[in-house]
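Just below sit the structures, each encoded as structure tokens.
In the two complexes below, chain A is the common chain; its partner is chain B in one and chain C in the other.
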Partner chain A sequence: MNMYIPPEYEVVRDTERCIACRVCERQCANEVHSFDADTGKMTADGAKCVNCHRCVCLCPTHALKIVKSDDTYKLNANWDNQTINEIYKQANSGGILLSSMGNPKPYPIFWDKLLVNASQVTNPPIDPLREPMETRLWLGKRAASIERDEKGRLKNTLAPQLKLEVPVMFSAMSYGSISYNAHEALARAAQELGTYYNTGEGGLHRDFYKYGKNTIVQVASGRFGVFKDYLEGAAAIEIKMGQGAKPGIGGHLPGAKISEDVSQTRMIPQGADAISPAPHHDIYSIEDLRQLVMSLKEATNYEKPVIVKVAAVHNAPAIASGIARSGADIIAIDGFRGGTGAAPTRIRDNVGIPIELALAQIDQRLREEGIRDEVSLVVGGSIRSSADVVKAIALGADACYIGTAALLALGCHLCRSCHAGKCNWGIATQQPDLVKRLNPDIGYKRLVNLVGAWKHEIQEMMGGMGINSIEALRGNRLMLRGVGLTERELELLGVRYAGENM
Partner chain B sequence: MYIDAYGMESRALNDAVRACGEHSITIAHCIGQRYLGTALSDKALSIEGTPGNALGAYLNGGSIRVHGNVQEATGDTMNSGEIAVFGSAGDATGYAMRGGKIFVEGDVGYRCGIHIKAYRENKPAIVIGGRTGSFLGEYQAGGTIIVLGLHTDGLPIVGNFCGTGMHGGEMYLRTAQVPARLPVQVRAERVAALPEDAAALVREWCALFGREEGELLRCAYLRLTPDSSNPYHQMYVGN
Partner chain C sequence: MLKEGQFRNPSGCAVAGVIDRSGGKMSGQGMIDAIAVMHDRSNGLGGGFAGYGIYPHYSEFYAFHLFYDGKSAQTEAETFITRHFEIVYSSEIQTRKIPTVTDEPLIFRYFLAPLPQKLSRSHLDEREYVARCVNRINARIDGAYVFSSGKNMGIFKGVGYPEDIGRFYRLEEYEGYAWTCHGRYPTNTPGWWGGAHPFGLLDFSVVHNGEISSYDANRRYIEMFGYKCTLHTDTEVITYIIDYLVRRRGLTLEEAAHVIAASFWSTISGKEPAAREQETLLRRMFPSLLVTGPFSVILGYTGGLMVIGDRLKLRSAVCAQKGDVAYIASEESAIRRIEPDLDRVWSPAGGELVIFELYDRGGLAQ
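And then the complex of A and B:
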């Protein structure tokens, strides 16, 4: 017996406005809308609706809205509808619950409890419209020995660096989990913005080698698409040890999503599952990690920085300390709200820790150990605005990764159904008819708009603080104050309570 | 070109190999230098001694011959080319190989051939003369692993957890005994003789190491293949 699960959302159509043009019917890959020839009217089956708002946005007369269904089980603060429905789903199928995008649960968001300083009277603000305001920065190892050649000139002993015009990069999203057009938009935007996008663990499509200077390629346990040209074509190489949305869980792209093109890019057969388990079975220690870091450097003639990406988990500071000693140039830390194309619900919603706390503690630990300059820190999961970026940098990050925010710019409406592969916005899908809905010419401009606007906002906030270079904001926790935080939280974040003096 | 590696640091040795314009390079007195031959595509390296970890990582063509044993992670993510070890190999040999061939005269350690995958004309192959440690061919997604079992220490031909998570490719074990605790999604069947492509690999192995091929080609093998290439198909329910 399959228990009937009432739909979560209802499609409401204003019949006065609806002209039965059937746009919604064509736009919905979930086949919610249909036309009833007998009555000449549109009907909708809310049970199939994932609330992606595609129809709402495209309806020419704005006749549609999606509302939360008010059907409810007997109200219960412990057993809410969602919890009960999940039990029914599992009893119906025997399956592991699978979700996508970031953790939607109401955990505290520390960004929203941090406030940024501004200068008044004695230390005047700087007007970014008048004065140069530097958002450019470099990622990589800063610690270098001073060596001179035989003529006494300084030798360049600095490790390779990544130059960013703005402290925001696009985080790892593989071709396969997102579409070709989404990748093209990200790559072109990264190029125009002077920043980087990240291939994820899905290989690099032949067409995108031309964006190599703005590309970070990923190496995960399955090594999909990893070969000489891939490594050499990139600006930096990221070893994926973990991901914020599913710490301790690997990637698994079902065979059904491995189209001809995706198979070529990943360099695996079409239709077979692509499994990259959480553990790298050749890495059981920092020494083993060092071996992979060094073999990648060796393969690319020590010309490219190597990033090690880990999920923010309980031991994050100790792990980061190990990574800083592994030869890696950059550590990327992904918080528990990071997005994903598919993750077991229980993992996404219950594993990992907030990025704010992980970042503050990692920066602190690396400084205490005198190795902060051995690595740069990049944080993600989730950075939602330029204010989050400013706060992250003040807490100790060098730069941020954005994933969900970038997809939102491309049209994503956070329906959290990426795992179904039928993204009506042409992002998390490989269906050609859906992919072509995302126009990369428009998409890349929207990304440039978003990050460009953030850059201006960052400059304004920096100016307000009287800081004219992003590097001077890094780890400057005196620029932050907490509100609504406990003594312990303030201590872990290393910030004072609002109202406390310098 | 001849390089005496005695006392050389890994990086200096690798730089010397990279800088060398000649096709054939002989490295003598190798003692544990790592990452030798990384991502090379057109050289013939001949190594005497014991190279360190990650020999021939990302190898993209050409050949590496080692007259001695090799350590861990030989041929990691190798794309094409050939590595021949006139001795035994350590753990994680051929990790995530996508193409090319690895021939080992003696035994290999744990986690040999895990994550190996085939892609179009690239069909990775690992042929092992002796026996293997545990976790042989874990997550194997393609390619061929052959274990000849010519070892004489009486241990089983493969260790525990052979083929866990295997979802493509094939293994041939020269034994009648099905590996202990073979996962349910891996099928084991006896084949009276090797199919031609596998036999060709065994002939290559014999030619390299100067062994008689007759007996090795005439006998029966145990063939391991996955039941399905989508092993996790039914595990999930959308939420």
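And then the complex of A and C:
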């Protein structure tokens, strides 16, 4: 028998307002809404609703809202409704629970316990509307020898770097997990913003090679879509060792999502499941990583920086130290609240550590070992606002990756149902009728708006601190103070408590 | 209350400097007179001077000036010094009792030559050897503090108004081709003599007026290279940055200035291609040594003075010339006090580097 599980959300329709235009019915790929010809009224089946708000947003008379169902089992602080429902689901199916997007559990968010400084009296704040306020930076190795030409001028001995006009990049989301139109929007926004988007592990669609200068291509354990042109066409190459939402496991894109286009881009048969193994089977140790890093550099004539992306796990500092000595130029660290197109729920919600702590410890460790200049640090999972960016940089990051925030800008309402492939917003789906709902002309402008707005906010906060270059904020932990943190947390973050003097 | 160095202590200040580029000697009196004019820029919690060319008879030896809290610190420090150096001459530094200068520590001077065997066994460059010995004493020996360690130069500093500190050290009796001085307005200090400025390392001395906003970014970066920022002051970290870039990495002073007070990207993009390329490269190589927030700094070194200010010009600095003599001060009034009739007076632009050197060292590079 299958235990009936009551719906979590209910669709509430104001019948006074509803004009039965059936927009909600057409917009819902989950088939929640239907028209009853007998009564001439709309009905809704809440059991199918994922609460993506597509119908709410598009209802022309604002007749709809989604509310949390008040149906409940007998209240129990230990066995809450969700926990019980998950038991029923697993008893029904025998399967692993799947989830999407980032960990929604109420773990501490350290960003919200850090406060930023501002100048008063002894040091003037700077007005970004009147004075230059630099957010430009370069990512990559900075350790270089001082050499001079015959005229005594410095030679450029730097390894290749990435130039960013704003310390925010779009993090890896594969074509397959998100749609063609979502990719196009990200690519065009990255180009206009002077930053980078990341192909994820699904290869690069032929149409998007023209955005190569703003593209980071990923080489993951499945090696999907990796070939000569892919590596050569990119600005940088990222080796994906792990993902914050699912550290220690691989990926599985169901065959249903492998459309003809996706199949060509990934270089796998149409309809076949795309399975990324948990490890790279040529990397069982740090010295193996070095070989892949150097192989990719050799293959691209040492012209491109190589990023190694890892999930934030318990011994992150030691791992980062190893990567910094592997020849990699940039380390990307993905925190345990990072998003995903699909992950086992138990992994997403219980594995990994917060990015704030991982970042603080990695930055400190690399400095103690004197190798901070060997690599740049990029952090993600999850960066939610310009304030998070400012705090991350002050803790020691060079730049941030944003994924969820970018998808929200494209319309995502965080219904966390990407794995179902029926994204009503045209983002996490390959169904042509749904994909076309996301207009890349509009989508890319919304991304440019978002990151542009963050840039202004970052500049305002920098100006307040009297800092007019983002590089003077990097690792500047005296600009942060903690509130509501324990002695141990402050020590790990390397910040003082609010109220403590400089 | 915590001692200086155990907390970060920003401060406002007055700075001044003078150099006779023909190498002619001046007593310390001129600097005392100049800094006295800017009395209100200090608050009596720190003043100091650096003189160059003041020890011509011992010019081959490292002149160490030390503060001691007591005799036991002195014994410990001298034991360390004799293990690493030959002491050519040592004595207590002669001072004059001034009613407003109180609680002075024991103040000693040593002229030193590194022990040749010890130096060669260390596999270090001589200057690096000396710098490390200075750091060792300052970090490890409680109650002993080396506040001057260059050749043929000396730093004199203490707690009090700078003009009083100058008289305390009898600087009118010293003669040098260049001087800098500093009056301090710390925003909180228990008044520790070692915390006064100039701050020195080998023959570099730095006086600084400002409060840099990049402090912790600079500090955490420079500490990767063996420096310990024990005083937690801007001046200390700026000195280490200059030492690192110039002495250890081999940049010119001008290149170091393009790191510390780098031009804005928008300014760099308007420069001629060669300069654009060099300045871009320097910013890309050493972004964490960019100093932001208000500062004007006078760097003293053997044969010259360098003036550099923050790129927004948030702290004043005035330069002037009269014949062979060049002047720098926070306020023009301080210069006029010692030389009313100037050939030229100007204010360097934000981030603009001004260097005054002895003619036999290359002269003015501006």
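Basically, the second predicted complex is superposed on the first by the 496 of 502 C-alpha atoms of A that agree within 3 Å, B and C clash if a C-alpha of one lies under 4 Å from a C-alpha of the other, contacts with A are read in each partner's own complex, and residues count from 1 in each chain.
Basically, contacts are C-beta pairs under 8 Å (C-beta built on N, C-alpha and C of every residue); 3 or more make two chains touch, one makes a residue touch a chain.
Computed from a predicted model, the values in this text were never measured in an experiment.
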Touching partner for A:His252 - first (chain B), second (chain C), both, neither: first
Contacts of A:His281 with chain B and chain C, given as first, second, both or neither: first
Chain B versus chain C as contact partner of A:His419, first or second or both or neither: first
Partner chain(s) touched by A:Ser69 [first = chain B, second = chain C, both, neither]: neither
Which of chain B and chain C A:Gln161 touches, first, second, both or neither: second
First, second, both or neither for A:Asn81, with chain B first and chain C second: neither
Touched partner set for A:Ser99, first chain B, second chain C, both or neither: first
Contact set on chain B toward chain A in their complex: 11, 14, 18, 34-35, 38-39, 41, 53-54, 57-58, 60, 72-73, 76-77, 79, 91-92, 95-96, 98, 111, 114-115, 117-119, 122, 135, 138-139, 141-142, 165, 167-168, 229-239
Chain C residues within the chain A interface of the complex: 7-10, 12, 187-188, 210-211, 213-218, 220-221, 223-225, 232, 249-251, 255, 262, 264-266, 274, 277-278, 281-288, 290-294, 311-312, 314
Contacting residues of chain A [partner chain C, same complex]: 119, 122-124, 126, 131-132, 134, 136-138, 142, 144, 146, 153-154, 156, 158, 161, 367, 370, 372-373, 465-469, 471-479, 501-502
Interface residues, chain A side, partner chain B - complex: 86, 89-90, 92-99, 221-223, 226-228, 231, 252, 254-255, 263, 267-269, 271-273, 275, 277, 281-282, 291, 294-295, 298-301, 344-345, 417, 419-420
